[in-house]
Amino acid sequence: MENTIIKCENFNAWFGDNHVVKSVTMDIPKNNLTAVMGPSGCGKTTFLRCINRMHELAPDARTEGSLKLYQDEVYDIHPILLRQKIGMVFQHPNPFPNMSIYDNVVAGYKLNGIKLSKAERDDIVEDSLRKAALWMEVRDTLRKKGTFLSGGQQQRLCIARAIAMKPEVLLLDEPTSALDPVSTSSIEELLIDLKKNYTIIIVTHNMQQAARISDRTAFFYMGELAEYDHTKQMFISPKDKRTQNYITGRFS
Amino acid sequence: MTQLEHELQRLKDELIQMWDLVYSQLNKARISLTNFDQGLAREVQQNERRVNGYELKIDTDCENIFALYCPVAVDLRFVLAILKINYNLERVGDYAEGIARYVTGFNLPFNKSILKETQLLAMMDKAISMMEDAKKAFEKEDAALARSTFQKDETLDIINRYAGDILNTFVESDIHHFREALYAHSIIQKLERVGDQITNISEEIIFYLEAKVLKHKKKG
Amino acid sequence: MDTRFIRYRKVKNNLFKGIVILFSFLCTIPLFCILYYIIRKGIKEINWHFLIRLPMPVGEVGGGIANALSGSMMIVLVAAVIAIPFGILAGIYLSENKDKKLAYWSRLSADIMQGIPSIVTGIVVYFWIVKPMKSFSALSGSVALAMMMLPIVVRTTEETLLRIPNSFKEAALALGVPYHRVILRVIVPCGLSGILSGSLLAVARIAGETAPLLFTAFGNPYMNVNIFKPMQSLPLMIYNYAISPYDQWHNMAWGAAMILLIWILLLNLLTKLVTKRWRIQL
């Protein structure tokens, strides 16, 4: 596949003796929105966290096989550098409660001790908030704590915080599962907009969401990549029986 | 069984009922034609309303399933197929009614030799058997059977192609046959359309079963 | 039948409510008795001179508690300086390494230390510091008090940090922030109010301790600011004056008790304020 940004080959992940991700081979294209679906415990979140090495926070995690960002093996890049290239947004909105909206956006720079001039900071904050479609709502309250925002706004703030680091890839772990439908659709619109500039990989339990926003869908089942195809293909005529059963709600 | 599966089963049953009705319409049209039974032909015209009623009902049911259950994959294809088959069946119903209308509109029985020479009745039988095959294919989810209707449609096309010349000779031999020939030609054309509709139905069945789009492709 | 049953349940409910209210009211009575008694006895002793003068020999009028007040403050301050950083760091360790063996044992020992009688702590420090140094000292008193503070600070820090959702840590790590910065710049600031109020409460707890100071700071009738020398403190002074045979000294003990009480009340108020001011909505 041309324009591949992330390339997995026979990638495996374990937690202790638990083989969570089994021999996954897939190419994720650049500036695309890829959805990762599957029943609970199928390894999709672990797979996502392997991409920016967040799964290493668990003490007994280990991996095998190849996972490349462009030509570089992810597991040869220092996690701190890697995570600046691959941003992440979590299930529950988690703006830092001790920081203002402004500081939350530049938190990646502040916490990493990267010095920026006031003008640079202002630029980054405005640009990121605009990209996250939040600027118009918060530009007068930048000094307020991020936790005063609504759930959907908080999640967009988290997206702004992630894109402020100018990452190549944005990983989202069920970003709308804690939000109401209106906030959900605003985040979805935002993601469709963002994929022009970023490669987005989103784990979702919401099949309609995957159908609505993603270009490609990967279906994980029991740690295996059961099917990976264009989303339209997947939702009209999936090739794998497990995919079919899952998306039509017929798992026995 | 999930709620959606119940709904889909109900939809399928409904469509089969409609199918039975349209099938009997076509059959009755044929009988009224061969026996010149104008009473039966009127019955066919009356029943057309019921066919339309079925069409509306199935339409609404499909809409509801789309709105409430957001079907995907095989379910999505199934509902889409039903929606189109529904439309096609309604058209077949229309043609049956049209044929019956010619029977009521004519004052004496058709000239047997016209019916025989043009193979009109054979064509009608073929169309009816296609109907039956398609229905069986739908009920039994048998894609091969659905495919077999494509060949039968070819025969209909061939009969249709020669009908014009045959009718022409009839008219040339005796100008009094003109009106009869005209009617026969119309009926043959309607039957040819019935064949097309059933081919469409078969395509939808295959799309639903195998997720292949056959429209506007060479059929095998 | 039904209505009777409901009435019975209502009566039972009201009875229970009454008992609960009564007991929570009873709880406050000892506090008000103590406050009333101490204020009644102590208020007439307190004036500016009482705070800034040194004690006088028996028989002379107008002595003060300046040495005890300054001594108490110094001893507690030094204890806090020793115990709080120690305790916060240990608390961070415990909350970050919940399942390690070391964490288990240090958590257990903190819990046991909280239960050690203060006099025992005093004796241990006597053998550890006073004996080798061959002199009672304020420092040894501070160490004894620090040992009492430590488990409180450790446990409150740990519990505060455990309540901070893991998601903030993950958010910071996902931005590529190194681990130590995550702890210092995100986790600790988020739990600041809890840590501060825990530390202040610990200070309030030890400010009134007498027993560990008996063999360590020992007491001193004169003004002393050298922490390597014996030093007077409020609880020690109250203890010494209260067991003396002189009425005048008894009165001074009441006055000192009131000052100590005010100090502790202020600390508690401050804790409440800090908690409110620095509270971070998670």
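For reference, chains read A, B and C in written order, and residue numbers begin at 1 within each chain.
Following the convention adopted for this analysis, a contact is a pair of C-beta atoms (placed from the backbone, for glycine too) under 8 Å apart; a residue touches a chain by one contact, two chains touch by 3 or more.
Fair warning: this is a prediction, and the values are worked out from it, not measured in the lab.
Visitor: With centres defined as the mean of C-alpha atoms, identify the chain lying farthest from chain A.
Guide: It is B whose centre lies farthest from that of chain A.
Visitor: Taking all protein C-alpha atoms shown, work out their mean, then name the chain whose own C-alpha mean is nearest to it.
Guide: Most central by this criterion: A.
Visitor: Counting C-beta pairs in contact, which chain pair ranks first?
Guide: Per-pair contact counts point to A-C as the maximum.
Visitor: What is the distance, in whole Å, between the centres of chain B and chain C, each centre taken as the mean of its C-alpha atoms?
Guide: 93
Visitor: Find the geometric centre of each of chain A and chain B from their Cα atoms only, then give the gap between the two centres in Å, rounded to an integer.
Guide: Spacing between the chain centres: roughly 52 Å.
Visitor: Based only on mean CA positions, could you tell me how far chain A sits from chain C in angstrom?
Guide: Result: the chain centres lie 47 Å from each other.
Visitor: Send over the residues of chain B in touch with two or more other chains.
Guide: In chain B, nothing touches at least two other chains.
Visitor: Would you mind listing the residues of chain C that make contact with two or more other chains?
Guide: Residues of chain C touching two or more partner chains: there are none.
Visitor: Would you give the residues of chain A that are in contact with at least 2 other chains, written as numbers and ranges?
Guide: If we look for residues of chain A contacting two or more partner chains, we find none.
Visitor: Could you list, by residue number, the parts of chain A that touch chain C in their complex?
Guide: Residues in contact with chain C: 52, 54, 57, 79-84, 87-88, 90, 92, 94-98, 107-108, 110-113, 145, 147, 158, 161-162, 165.
Visitor: Would you pull the chain C residues touching chain A in the complex into a rising list?
Guide: These residues of chain C touch chain A: 165, 167-168, 170-178, 181-182, 185-186, 189-190, 192, 280-282.
Visitor: Hey, which residues of chain B end up touching chain A in the complex?
Guide: That would be residues 2, 4-5, 70-77, 211 of chain B.
Visitor: Where on chain A does chain B make contact in their complex?
Guide: The contact residues of chain A facing chain B are 207-208, 211, 234-238, 243-244, 247-250.
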